[in-house]
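You will see two complexes here that share chain A, one where it goes with chain B and one where it goes with chain C.
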Partner chain A sequence: MKLDTSGLESAVPVWGAPSELVDGFSAAPSFEVPNTTDFDGFQKDAIQMVKPAKGTTTLAFIFKEGVMVAADSRASMGGYISSQSVKKIIEINPYMLGTMAGGAADCQFWHRNLGIKCRLHELANKRRISVTGASKLLANILYSYRGMGLSVGTMIAGWDETGPGLYYVDSEGGRLKGMRFSVGSGSPYAYGVLDNGYRYDMSVEEAAELARRSIYHATFRDGASGGVASVYYVGPNGWKKLSGDDVGELHYKYYPVMPSTVEQEMVEVAGA
Partner chain B sequence: MARYDRAITVFSPDGHLFQVEYALEAVRKGNAAVGVRGTDIVVLGVEKKSAAKLQDSRSVRKIVNLDDHIALACAGLKADARVLINRARIECQSHRLTVEDPVTVEYITRYIAGLQQKYTQSGGVRPFGLSTLIVGFDPYSGVPSLYQTDPSGTFSAWKANATGRNSNSIREFLEKNYKETSGQETVKLAIRALLEVVESGGKNIEVAVMTKEGLRQLDEAEIDAIAAEIEAEKEATEAAKKAPPKEK
Partner chain C sequence: MQIFEYNGSALVAMVGKNCFAIASDRRLGVQLQTIATDFQRISKIHDRLFFGLSGLATDAQTLYQRLVFRHKLYQLREERDMKPETFANLVSAILYEKRFGPYFCQPVIAGLGDEDKPFICTMDSIGAKELAKDFVVAGTASESLYGACESMFKEDMEPEELFETVSQALLSSVDRDCLSGWGGHVYVVTPTEVKERILKGRMD
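Let's turn to the complex of A and B:
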C-alpha cells in the first residue's frame, strides 16, 4: 500500500523540468543503511529504543448522553518531566476528538492529517464522515507504517448519524470498537476506578466527575501521568470542554487535610 | 519515460474533442436504455435485440448490479461496459472496506464518470464508448436516485432519462408524460417509454426494478402482462377520443 507522505511533501521538483536542484536526484530522497550483519535485528532494536513508553493516562467512555473523554497533561522523557501542560485531547473537527498516547509528534501529526482527510470527505460527499470511517482511515494509514517505529495509541471519539462512537486505534494497526477504553501507563489505575463507577445511564455531570476521578487516581499512582486533568464531552452538537483541573488541587479536594486531634500538647514549662 | 506520449484525444481548433464526440456516436448506435425514478422505486429498461437461436440468452444480461443497492444499465460498446463495471464493483467493495459503509449512488457515479474522464486525458488510450444509467437507493437516507454518465465523463441526476438508440424520442415522451409515481406505475411508465421505439413484447425488452430490498429482474411473462395492460389502456384512450363523450 502506498505510504501516505502527503503531509511531508515540500517543494516537489516537477518531473522533467531541468533544474540544478533536480540534477543528482533521480528518485525520492533516500538514506544510508548501516552495515551490520543482522539488519532486521538492528532495526528491531532501534525501534525498541526509540519507542516511548506511552507515559500518559487517557480514557474515554460512551454513556447515555454521549461520549466522555479525559486525559492528563504530563509529558515525560524517561524520568524527566518535560512538560506539565501538554494538550492530549486533539480536536479533529467540531464533532470528533482524538486522544494522544505514545509519541507526541506522531499523534499530533496523524490526527491533523486525519482532520484533513475528514474535511476532504465532507467536501467530496456532502456529508460528514462517520466515526467508523474516520477511525478506519487512521487505522489503515497506521497499518501501512507498521514496524517502522510509529508509536500511537489513540481513541477516536465522536458523534455521528448513528449516535455516539468510540474506537481505539494503535500503531500496530489494531482497531477496536468499544464502550470504555483507557490508554497509557496509568490506564490500569484509571480502569480500576472507571470500571467500578461506570453506569450507562449517568448524567453529564456524573460522567464528568467519574472521568475526572479516574484520571486523578491514575496520576496519583503513576509517575508518568500528572499535570492537569482535562475532561471533554461529545454530544449531538459536537464536543465541549468541561473542565481542566490541576491534579494536585483535585487531591486536596478529594482528600482534604483534616485537623487531627492532638494527644499531647507541648506546653511552656516555667523556666527553672 | 512514457512510450505513448502523444495523446489520441486532442483538441480540434474550434475546441472539440472529436474522439469523445465519436464515442457519443457509438453510444447513439447502441441499444436503447431508459431509467425512471419513482418515490420508492427506480426502474431500468433496456432494448434487447432478438437473441440468435443458439445463443443462451441468460449470458447476455444488460442490467447488472454493482452492489446490493446499486444497478447499472448502459448503451454503447458492451466490451467497454464490462471493464467499467468490473472497476466499479471493485470500488464498491473497496469503499465498504475502508469506511465500513456502502457507497452512495452519487459516489459510485462520480467514480465511474471520473474513470471515463481519465480516458479522455491520457496518452495512447481512447475514451470508453458507452453512457451509463446508474440507479440505486442511498444507504443512509433511503432516497432513490437515477444518474447518467457519458463518454466525456460528465454526470448528473435525473428524474427520468434515456440513452442509446432513439433516446431523443424517448426523452421527449418522458418529458411529456412524466409525473411522480410509485411502485407499479413507475414500471409501467418506463415500459411505455421504451415501447415508443421498440417492438412490443417481453422478448424485446429487459426490465429490472430496484427497491429498498434490492434489484429484481422482471421475467418475460411479467413484462408481457404489463405490455398488454399498456396496450389495453392505449386502446381505451383512443376509443374514448373517437367516441364523443356521452356523459358529462
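Let's turn to the complex of A and C:
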C-alpha cells in the first residue's frame, strides 16, 4: 500500500533555471507567510489551542480466553463535562475493536476509515485482515499526518488466525504490540489496579470484573474520567459487550455506606 | 490551568423563610487528580454566621484562620457576636488589603441578622461585595450553579424544602464539572437550630 506522503511534499515551488530573462523578472520562490510576530512559535500555540487533552480512561489486556477491552464514557472540555455518555469503544468490524482517547472526531473518523480499508482488504484478498495488518494500516496513516495536530491514542484489539491480538497506536506515529495497555489521563490509576490483579489464566467473568474495577478506580481519582464503565470481550467468535455500569452506582456497590455506630446518645431523663 | 481551578470547588448559599442554607462539595484535588473526598469548605464563625471559601485551598485555609482570629478579638472587645453585615465588611476589607497580591479565594457568607432576617453575600477575590436576596454561588461549577439555582429557587421556602432545593441544585451542577463533587455538605440554619447533612453524590 502506497504511503500517503502528500503531507511531506514541500510547498515551495522548485527554483527553475534562471534563463527566462525574457519573461520579466521571475518571482522569488515564496509561499504564504502568516501575519504574525512569532513565526517560529505561533504554530505550536495554534496546535495547543485545538489539542484536546486526552481526558479519558481506556484499557485492554490479553488473557487466556481472549482480549478484554474497557473504557469510561466522559467527554470533558477543560473543566466542563460536555457528555457522560460517549461511546469510546468503536466497533471496527465484528471481530475487531478500537478504543478512543484524545480527539473524539479524530478517533471516530480514522477508525471508520480503518474499517473501510479492512473491508477492502477482505474483498481484495478473500480473507480477513489480521490485527497486525489493521494496526499497521492505521499507524501508517497517522504517521503521515504527524505534526499536524491530530490527537489519537488508540488500542486495536481483535481475534485473528493467530489468536488474540492487541496493539497500541498513537498520533505521534507509535505502534506497540503488547499484553496490557491503558491510555488516557486516568491510565496511571487503572494500571495500579490492573497490574495488581492480572493473571494470564483468568476466566471471562474474573477478567471482566478486573477491567470494571480498574475503570471504576480511575474514574474515582481522575477528574476527567467518569460516566459509565463499558466492558467488551473479544473471543474467537468476535466481540461481545459484557456490561455497562454507571460508576456512581459502582462506588456504592463496592463501598456501601455503613450506618455509623453512635458513641454517645442523649436520653431524656424522666422527671428531671 | 488557571489558579482558581487548581483545587476545584463548588459553593452555594440560598435564602429561605427565616432560615438559610449553605452548601459545598467535598473534593480536594490537584488539577485532575483527586486527593481527598472529605474536605471542609464551610466554617462556622458563630451559631448564626457561616462562611465558605472557594478557590485555592491553601489561601482558603489561611484566610479562614485570619478571620477567626479577627472575630475572636471582636468578641473580646465588644462582648457580643458579629453581625453578618459587619463580618462581610471585614472580609471585604481584608481582601482589599491584598489588592496587588490577592488571596485566590471567593468567599460566600451566610448568616442570620437582626430579627432573624437571613443575609447572604459573595465577593470576588479582591473584596467586591455582591449582596443577593435569593442565592449566591462560587467555585469552578459556578456557571452550572447559576443555572440550576435560577430554575429551582422559590421565595420563602421552609427549611426542609430549602434543603431539598439546595441539594438538588448542588448535585446536578457538580455532575457537570470535572473538578468538583464527590459528595456534598449542607448546613441549614434556622433561629433555633443548625442542621448539618452530608450528601451522597456521584463519586466520579
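Simple rule for what comes next: the second predicted complex is superposed on the first by the 228 of 272 C-alpha atoms of A that agree within 3 Å, B and C clash if a C-alpha of one lies under 4 Å from a C-alpha of the other, contacts with A are read in each partner's own complex, and residues count from 1 in each chain.
Just so we're on the same page, a residue touches a chain if its C-beta (ideal position, glycine included) is under 8 Å from a C-beta of that chain, and two chains touch if they have at least 3 such contacts.
Computed from a predicted model, the values in this text were never measured in an experiment.
Novice: Overlaying on chain A: chain B and chain C, fit or clash?
Specialist: Fit.
Novice: In the superposed arrangement, does A:Tyr198 touch chain B (first), chain C (second), both or neither?
Specialist: neither
Novice: Return first, second, both or neither, reflecting whether A:Phe109 touches chain B, chain C, both chains, or no partner chain.
Specialist: neither
Novice: Looking at chain A, does chain B or chain C touch a larger number of its residues?
Specialist: C
Novice: Between chain B and chain C, whom does A:Ser185 touch in the aligned arrangement: first, second, both, or neither?
Specialist: Once the two structures are laid over each other on A, A:Ser185 reaches chain C alone.
Novice: Check the residue A:Ile129 against both partner chains and state whether it touches chain B (first), chain C (second), both, or neither.
Specialist: So A:Ile129 only meets chain B here.
Novice: With both complexes overlaid on chain A, does A:Ile81 touch chain B (first), chain C (second), both or neither?
Specialist: A:Ile81 contacts chain C only, not chain B.
Novice: For A:Glu161, decide between first (touching chain B), second (touching chain C), both and neither.
Specialist: A:Glu161 sits against chain B, while chain C stays out of touch.
Novice: For A:Tyr143, using the defined touch cut-off, is the partner it touches chain B, chain C, both, or neither? Pick first, second, both or neither.
Specialist: Neither partner.
Novice: After superposing the two complexes on chain A, what is the shortest C-alpha distance between chain B and chain C, in Å?
Specialist: So the smallest C-alpha to C-alpha spacing between these two chains is 38 Å.
Novice: Which residues of chain A are in contact with chain B in one complex and with chain C in the other?
Specialist: none
Novice: With touch defined as at the start, can you tell me which chain B residues reach chain A in the complex?
Specialist: My answer: residues 98-101, 104, 106-107, 110, 140.
Novice: Touching residues of chain A toward chain C in the complex: what are they?
Specialist: Going by the criterion above, the answer is residues 55, 72, 74, 76, 79-81, 84, 185, 219-227, 247-248, 251-252, 257.
Novice: Give the list of chain A residues in touch with chain B in this complex.
Specialist: Residue list for chain A touching chain B: 124-127, 129-130, 132-133, 136-137, 140, 161.
Novice: Which of the residues in chain C end up touching chain A in this complex?
Specialist: Per the stated touch rule, the residues are 5, 8, 29, 31-34, 140, 175-179, 200-204.
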